[in-house]
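What follows is chain A paired twice: with chain B in the first complex and chain C in the second.
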Partner chain A sequence: MLLQSGITENEIIQGFIEAINLIVSLDPTVVEITLRSLTVSLSATFFASLMALPLGALIYFKEFRGKRGVINTLQTLYAMPTVIIGLLAFLLLSRNGPFGFLGLLFTPSGMIVAQTILIVPLITGLTVAAMSNIDREMRYTIISMGASMVQSIWTVLREVRFAIFTAVLIGFGRAIAEVGTVLLVGGNIRGYTRVLTTAISLNTSMGNFTLSIALGIILLGVALLVNVALNLVQQR
Partner chain B sequence: MTDLITARGVSKAYGDLQVLEGIDLDVHEGEILGIIGPSGSGKSTLLRLLDLVESPTSGEITVLGVNTQSESRSLELRRRMGMLFQKPIVFNTSVYQNVALGLQYRRLDRRETDRRVRDALEAVGLSQYIKSQARDLSGGEQQRVALSRVLVTQPEVLFLDEPTANLDPTSTATIERIVRAMNQEHGMTVVMNTHDLLQGQRLSNRIAVMIEGRIAQVGAPREVFQSPRSRAIASFVGIENILRGRILSKGDDLTEVEVNGQTILSKRVVTDGTDDVDVLIRGEDIDLLREEPPDHPRNVFPGMITSIESNGPHVGMKVDCGGFSLMVRMTARLAAEREFDTDMPAYVAFRPRVVHVLPAEMLQE
Partner chain C sequence: MVSRKLITAAGLALVAALLLFGAGCTTTPQPNATTPTPAATGTPGSGNILRIATTTSLDATGLLEAVEGVYEPANNVDLQFLAQGTGQSLDTARRCDADLVLVHAPALEQTFIDQGYGINARCFAYNYFIIVGPENDPAGIRDMDPVDAFRQIYEAGTNNTPGVTFVSRGDNSGTHSAERTLWQRAGYNYTTQVQGQPWYIEIGQGMGETLTQTSERRGYTLSDEGTYLSFQSDLDLDVIVGQGPALLNRYSAMAMNPEKCPSAKVQDANRFINWLISDEGQAFIGDFGASEFGKPLFTPLNGTACADPQFNCTCSVPIA
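The block that comes next holds the complex of A and B.
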């Protein structure tokens, strides 16, 4: 029987079997795309965390005008369409853009930059939320113990480390699963900027379902791992 | 005696909420200063300002000889003081790490940190829990961890914000014992908030009373409890009999005050020239007798016992004396010996020196 898109049921089952084969036999293309996806998204998560954690702590600690507005904006950015961030990063990094001179467009580094921009608001916002669980008395305690500003931030971050770890994992989850920014900024160049999501997108449109399914299973696996890790952390 | 901390005209507001207003207060070196007052009177806020955890909205605070308006030295000064909060606060880590944290902030070397943490935990009797998770301890134990975390930094001034509220009697006694020892043996200056009047009296050399964001009175505990300067302070320090009266005559020794047609004699009168006064008498300063005392003090009134309430070892009896009622407090044993009962006639008797007369406050709580 023919499905609407022109694939037979048989083909799907066949695709699954072959996909498992590709994974089990460690097919070079599959391995290479998976590793690149992990490298790009882990790097982006690393750099984003490096910025977002202190920034979140600072927003939490400092009383300033428009603080509520900043937090609302961050929360709005959680749901920012990835293609819009991709477009923004594309414009910034393109040859005539302000950062064109760096030559990052259509490179893995450019993709890292784009994903970093994408998840900084998410991790920052979740960090502020995590820290809001610290009550006022604990803040007073830390200050009265003679902590400097930096020491205060460090102590609070350590106190909410499990919630922070959750924020970082959620950030990674958003980075590895998104297709919009990596497609626009990376350009999906085979062997260079092709990652799991862009490869699935391309191979599906070319009717190359076997590879798509294999990469899809891997992506699901990564998501599953992140979820397992989240559950472990949240049980602490 | 030097002043370690002085506050001059200190006010604090959170948005529209004025919490402190025009506070003038000195903390003397080596004393235990108790701050008492109803909850919501601003005691905790005042401690946080003095400990430089927060800044005042206006006014000046000088700490250890340094005017703190320039914030540059605030961290250094904060590190010479310590504060224990009402709620036991421990960090989500081991007991050892909890106590070591303040020393790590001060970048003390590891060996010295280790030694001092062990000593501090020994002092509060928690050595056996050194490796435990602080959150696994009971509330009283957590508060002792918090206390050792403060003491380990050897503060020159120790602030205690209701340190034993919600604690069991044993933990309370331990904390009081340590605080007293720190003060007497190490000369540590202590500023303590409490709503527990007995604790305030037990520990303090001086007491400041806070009412509605202002310091209403400062003095020796005896002075504050025996001679409150206003009706609000009187009712806060547990004076149950506050009667409205009018001065009839002022003698060298005794003053006659008319209260609803009856005359009460007083030896302790403070007036501002007006004749409208408040008459304050502590319930425990009044005696209650079955018969008119033959060798009686100067104030004796016949009355009727209208109610008797038992409060453990003590009994409170309300006596209607015609123009006014008085609450009389005595030991349950004495009350039982005299076989008092409700609706029984009896005589109240009290000496003029226990009758405290103040200018009447027009504004009543």
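The block that comes next holds the complex of A and C.
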């Protein structure tokens, strides 16, 4: 047993060295999977932001019955398990499902749709929270100056842009790190829907630890970049 | 203020650039749609993709990736493999989310055909299931008849013989289906007598994961030969029972019935199945793994071979 654990430690170090090699030499598989992960999650973040930012501003501005309830629901959805969103998107996009005619199941576009659904509540909720920090006075000033709804939303979004940038980054972080939706909706097809998280899961199960470690380092690197960006924004 | 704006603008530009770059990446893999060939029968706009739901054993061994390398350039089609296990593959196909299935569970296949989903079934390869376990073989089943070996594992497990554990796929895959048949033939009711026993562990994962866990737990499991051979170097497991007619493992391909799934690409599917049973395909399958593992992982099944009653399938007649 002792001998075995020695071999295992060696394996980790060896795997690490080879993993760095794979990254430095820009191994085609590693590059391809990384780019796909970035593409899918950046697109999802982009589309989610397009929906969530105006929606969040709208919720902040409009007084309506059940507003508290809407905000609470959004906050509950922050913790929505990714596999549940995956299951939902899978059933919606399957050929037998209501949107089956689009042929999106097991495609990168389908993954973008699923991740968008996943992070819209998060970005919306954080947008509302960001705006709640604005001075009440300013809100009344904007409204009393006779600004239209679109103008008001734009002004406020600009005012809290750094807080909103944080919301978008957090959304991106959740999207790129999750495995539940992309596995169910993408199907982990080699060269087509395989992304960092699903590739790590598969290669670990197949005993290709080197590739797993290399992809893991990259994923950690992306997370680190997001964190650095968050810090820079928050220091303003 | 100026610098803030600049930073914001730069950030936006970066995101936009990445998005554009990304968009380019997602569209490029659309396979050579500009060169029309007789194979291009897909619905417009969907590219020339043939989506194949497959048992994990064919994929995890690397066979399908190798097939892709040979078949795709010659046939101008993008083969996309969803490695899911036989049960899930058939379900994916039932939802019309695949054009073709590669599976290895004769009983499940027959149901699939009887329900009207599967057409043009052809068997194309076989190998044997094996019972693998720790070298010291605590249940004492080495070289037994497979059915007797299962009975022996059951008894050793129920008697709390130290070190006797059986790890099951537990995922309705072809291998899991073969395992259930073996328990039945050994005289046990799977759901009432086997499932839930303390020595019986269902992990609900693919063959590779199951072998890894079995090795870590020093237990027994039923595996297909190909996956075991391709994982062997990472495992601390021996082949304990490797022979017996009850262990035959036959692989088949089926196209989806367009009457059930209008979106299914029947012609592309037929063409691929015909390649699998062609001389070229059979030679490719028969060679695969020979240099890497010392012996081929699969035995091709063509000509008169599958007329043998133990196979009970069609392999020599190309689909018209």
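We adopt the following convention: the second predicted complex is superposed on the first by the 229 of 236 C-alpha atoms of A that agree within 3 Å, B and C clash if a C-alpha of one lies under 4 Å from a C-alpha of the other, contacts with A are read in each partner's own complex, and residues count from 1 in each chain.
Following the convention adopted for this analysis, a residue touches a chain if its C-beta (ideal position, glycine included) is under 8 Å from a C-beta of that chain, and two chains touch if they have at least 3 such contacts.
Quantities reported herein were computed from a predicted structural model and do not represent experimental measurements.
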First, second, both or neither for A:100, with chain B first and chain C second: second
Touching partner for A:60 - first (chain B), second (chain C), both, neither: neither
Touched partner set for A:151, first chain B, second chain C, both or neither: first
Touching partner for A:108 - first (chain B), second (chain C), both, neither: second
Chain B or chain C, by number of chain A residues touched: C
First, second, both or neither for A:190, with chain B first and chain C second: second
Chain A contact footprint on chain B (complex, rising order): 48, 51, 53, 75, 78-79, 81-83, 85-87, 89, 91-93, 101-102, 105-106, 146, 149-150, 153, 159
Residues of chain A touching chain C in the complex: 4, 35-36, 38-40, 42-43, 46, 94-97, 100, 103, 105-106, 108-109, 161, 165, 187-192, 205-207, 236
Complex contact set, residues of chain C against chain A: 4, 8, 11, 15, 18-19, 21-23, 25-26, 29, 43, 46, 51, 60, 65, 78, 80-84, 95-97, 205-206, 208-209, 212, 231, 234, 236, 261, 263
Contact footprint of chain B on chain A as seen in their complex: 137-138, 140-141, 143-148, 151, 155, 158-159
